[in-house]
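The following pair of complexes shares a single chain, chain A, combined with chain B in the former and chain C in the latter.
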Partner chain A sequence: MSARILAFMIGPVSSAAPLDAREVEHLARLARLDLTPQEQDNLRGDLGRILGYFEQLRGVDTAEAEEMQRPVSLINVLREDVPGEVLAPEVVAALAPEREGGFIRVPRTVEQD
Partner chain B sequence: MLTRMYRAVIGLEVHLQLKTRSKLFSACPADYHGADPNTFVDPLTLGLPGTLPTLNREAVDLALMFGLALNCDVTGFTQFHRKNYFYPDSPKNFQLSQYDRPIARNGYLEVGGARVRIKRAHLEDDAGKLLHPAYAPYSLLDLNRAGSPLIEMVTEADLTGGEQARAFLESVQAIAQALGVSDATPEEGKLRCDVNLSVHRPGEPWGTKVEVKNLNSFRSVERAIAYETARQTRVLQAGGTVSQDTLGWDEGGGKTFVMRTKEGEADYRYFPEPDLPPLDITPEWVARVRARMPELPAQKRERYLAAGVREADAQALSHSVALSRFYDAALVGGADPQRLAHWLLGDVAGLLAARETTLEASALQPAHLAALVRLIDEGAVSGRVAKDLLPDVLDGHDPQRLVQERGLGVLTDTGAIDAAIDAAMTADPATVAKVRAGNAKALNALFGPVMKATGGQAKPEVVRERLRAKLGL
Partner chain C sequence: MSVQPSTAAALARAVQSGASSPQALLEAALARIRMARSLNAVVSLNAGAEAAAMWVAERVAEGETLPLAGVPIVLKDNINARGTLTTCGSRMLANYISPYDATVVERLTAAGAVIVGKANMDEFAMGSSTETSAHGPTLNPWDRSRVPGGSSGGSAAAVAAGLVPLSLGSDTGGSVRQPAALTGVYGLKPTYGRVSRYGLVAYASSLDQIGPFARSAADLALVMNVLAGHDPRDATSLDVPPAFRVGSPDELRGLRVGVIRESLEGNTPGVEAALEALLAALRGAGAEVREVSLPHLRHAVATYYLIAMPEASSNLARYDGMVYGERVPAEDVSGSMTATRERGFGHEVKRRILIGTYALSSGYYDAYYSKAMRVRRLIADDFGRAFGDVDLLVSPTSPFPAFRLGEKMGDPLAMYAADVDTVAVNLAGLPALSVPAGFETVGGVRLPVGVQFIAPALGDERLTALAGALEGIGVVRVEPARA
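Right after this comes the complex of A and B.
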């Protein structure tokens, strides 16, 4: 889709109804992101613009349109239960930020006893 | 007074790991049990960019089979939703689960005469496993389990006690195993149970419920229910309030504890999975799945009861795939059904347990056990001889051949029995005198030595009859 058509469809973007600081904090907590106040501020602006697009979409009259959850109307697409390949352990290990034995080391998820 | 008593209101959530060869949404092999960590992993398991899920047909069929066995509605539209959460056990940052249209709905299971309603059963993928080494500032992740297929089954709050919950879970386990849907072994984590429990006085509204998570044995479920019922009752009787917590179960301490929950608040932002087309389960599809379904434990039980097997034995046989398969094969041998069940669940089970082995691992042939029971039924060997033969029969020997080889048939030679009686009488003149003086009961003191002298091969009734004759009774 060309930028011209996209601009026609969504029009000039306004950063309407920005998120408040608490909403950004909540989202950061769910995403387990540790954000500086500056980063939170930037995100408020970015997310506000994204929400602005959706505000515009919401303005379109869809009373006559059929609800569509997926872009392609396929149904009953299945795979036979046949086992395939696994990744070589060294490939998996190389993708892990930290390792111990065959395990992937991650920040501790439960409190110490 | 009874009406003032608090009663528990219990619902269960059961996760069963499906017995497929590959994972739910990719061809990654699923048979990871006992494997080194992170060796059953493919790009989809890791949630690598560009990967797309493809649904395992067998997982759908197994879920349908399970749903049908629980008397659920399974036809019609069903789809997957993304359940978003960020946690190290799921590198793709969401679980593919079902939300508004689970694959199975509105079923029930009869347990001990009571009907437990099944709210829903849905398909979802499992997460990886986190280990938390003591004193380490980190956790360890194994992704072998990530992406393997699960059924999550949720009951209505129709259960009232631990014993009933256990019976329900045993039924679910028996059904899953009979269908080959899941190994359903709690000790391997292939059947996991969470309990929702509140207490109230009959006639009053339900109390605040707690959720007890990660119960990894039926015994734990039963104990946790007893503990929570008592604890909540105590709190309420003391005028306190039950707080709506997520609890863990401390098996060693025999008590529940408040768990820190995974998410501060549930905010999963479910949405229909765009990468997976929905399913339309047609009546033809259901018929195909139904045709694959073997006899269910409840049907087996009815069949055994009709054949004259006692209730407890019929229940035990029907709940075990291995036992019922063996028993059915042995029934063909024409032995009395109840006596066959009695031998299988009694002497055979006892000997297997003593040898720390299982029916499947032993060399015992169904036809051989049937032959052994028939030998007793026909009076060809005594019960005692049969018991003596059992260890060898368990090792794969044919009992008929053993009887022939060892000359163990019932002693029909009355001469030999008479000789044994004479010897016993000579050895115990005091008893003989008592009997002759009119004490008929004293006869029993002679009976034992005669049976012993004949190696247990003499027919007891013949020995008794000839003893009485000799002593003029």
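Right after this comes the complex of A and C.
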């Protein structure tokens, strides 16, 4: 697609600087992703460009606009606490990557002494 | 030689009258899917389909009348159907078998439909071309060197190639409408809340909506009357009973149609011509066509991605390899989660999770996520004002027909721009229908072009009525793809 069409459709893309490596590493840690150095490199550039593109929203006057979290306004609806059918424990356990007896086995979660 | 594939309505009638059987329709659908394997539209088959077909046959034999008796259907691979693989196009869920049925599956099955298999999709519905799938891309039945659109590209291609008369997709930012346009079929995104999402794997929960692909207005109305309705298991589900029908040409008289001015720039000549032809036909049938402006639409793509990515980063936090899905073993739990996610997710998913995490992180929340939610309000208000003057809005579904495989994979912003005409509808929660509106010939190949009609919230019924009227005046029709 030509740059002309891209600009028409989505507005100017500011040439934002790539995110620095430490920032990307921090984000990856928060998101539990262990990026390869190659992935880190690619993502630094991509993230910089995409975040630069988002900058256009800064110029929009939103002083009067309330946040719109979802398209329908919801009210809390309470229901009677009636027992119903749920998935059988063995059905749920069968989905687990590792099992032991009737339990789901997970890697060590606490430090050993 | 091109034979128009049977509609769902015709197949259900044949089963109901005894002229055909659910088992025969299933066999025929499976044979077509096998023949079209190279399209890579269907990624797994439902092992329980034969039993389901037999059950439908028994019910019909007992005198039940079923609106979708024996109709073979495929589901996007992010919709749970008991006993089927539900991979979401991801390595993360490569071996995940659903233990339960989504509400839409319960409803389809109760109506006599037979789930034949699951359709390819962009990984976790993140993409506009079906190229980010771990199963590899789906090919466009009109031109196999091109994409079918996305993210519900498999569902669209399956209906376009005549493998099945109906399929389901999910539309978070255009993922039903855009592939419908690029493959020349109908694709409907209902009002947020009209179709239950219980059993749909979440991508961006304030935007996701399940919707059907079909080859005729009658089939669209038929399946929507089955799908729509309240579901206590989905807290965002609306209690509005469905009343879908097919309209006639005389209903176009006096219909006020607003053409979205902001969507008229940057389209290919074929898209422009198709839109113009459709507008001329509407005027000819007595509709009042005028231009309307929705000034905040130019920020829709940025706003959409700034809302979808944070929601995705939060929704996808559940894939840690602990209780289901793939797990990469490691010394401790945190190492295992990290290794699992690193191996399980593809590039686009990681990109969106990282940006979403960034936009939600302390110090950036106000500048990005909160700001986007405020612009979202302004976009919804633009629609509200426009619907004060018109009954329906219209725009191209996509500014261009199907693009080449690989063409946009190296440039995420170019891929995101493919959603320019569709994302605003999701932000506002509105219903919208992409109708097949003609063709653009590119390099000697005819490629389908779609036009999108948008209705006010809960105006979904207007869209199937309109589709029927447009078929009635001959300006919209689905042609078989000669794949």
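In this text, the second predicted complex is superposed on the first by the 82 of 113 C-alpha atoms of A that agree within 3 Å, B and C clash if a C-alpha of one lies under 4 Å from a C-alpha of the other, contacts with A are read in each partner's own complex, and residues count from 1 in each chain.
In this text, a contact is a pair of C-beta atoms (placed from the backbone, for glycine too) under 8 Å apart; a residue touches a chain by one contact, two chains touch by 3 or more.
Just so it is clear, the structure is predicted and the values come from calculations on it, not from any experiment.
K.L.:
Determine, under the contact definition given at the top, whether A:R58 touches first (chain B), second (chain C), both, or neither.
P.N.:
second
K.L.:
Answer with first, second, both or neither: which of chain B and chain C does A:M68 touch in the superposed model?
P.N.:
second
K.L.:
A:D81 in the overlay: touching chain B, chain C, both, or neither? Say first, second, both or neither.
P.N.:
first
K.L.:
Which of the two partners, first being chain B and second being chain C, lies in contact with A:A28: first, second, both, or neither?
P.N.:
After superposition on chain A, A:A28 lies in contact with chain C alone.
K.L.:
Is it chain B or chain C that touches the larger share of residues in chain A?
P.N.:
Of chain B and chain C, more residues of chain A lie in contact with C.
K.L.:
For A:I50, is the partner it touches chain B (first), chain C (second), both, or none of the two (neither)?
P.N.:
Only chain C; A:I50 stays clear of chain B.
K.L.:
Considering only touches as defined above, state whether A:E39 meets chain B (first), chain C (second), both or neither.
P.N.:
second
K.L.:
Touching A:E90, do we find chain B (first), chain C (second), both, or neither?
P.N.:
Touch status of A:E90: no partner.
K.L.:
Can you list the residues of chain A that meet both chain B and chain C?
P.N.:
The overlap between the chain B and chain C interfaces on chain A comprises residues 30-32, 69-72, 74, 77, 79, 87, 92, 95, 98, 104, 106-109.
K.L.:
What part of chain B is in contact with chain A in the complex they form?
P.N.:
20-22, 26-31, 36-43, 46, 54-60, 79, 85-88, 130-132, 134-143, 260, 263-264, 267, 272, 274, 276-280
K.L.:
How about chain A: which of its residues touch chain C in the complex?
P.N.:
Within the complex, chain A touches chain C at residues 1, 4-6, 8-11, 13, 24, 27-28, 30-35, 39, 42-43, 46-47, 49-51, 53-54, 56-58, 60, 62, 65-72, 74, 77, 79, 87, 91-92, 94-98, 104, 106-109.
K.L.:
Tell me, which parts of chain A touch chain B in their complex?
P.N.:
The contact residues of chain A facing chain B are 26, 29-32, 69-72, 74-87, 89, 92-93, 95, 98, 100-113.
K.L.:
Name, in rising order, each residue of chain C that touches chain A in their complex.
P.N.:
The touching residues are 96-97, 99-100, 192-193, 206, 232, 235-236, 238, 265-266, 296, 298-299, 301-303, 305-306, 313, 317, 320-327, 329-339, 341-342, 345, 347, 350-351, 353-355, 357-358, 361, 367-368, 370-378, 380-381, 399-400, 403, 408, 412-414, 416-417, 420, 427-430, 457.
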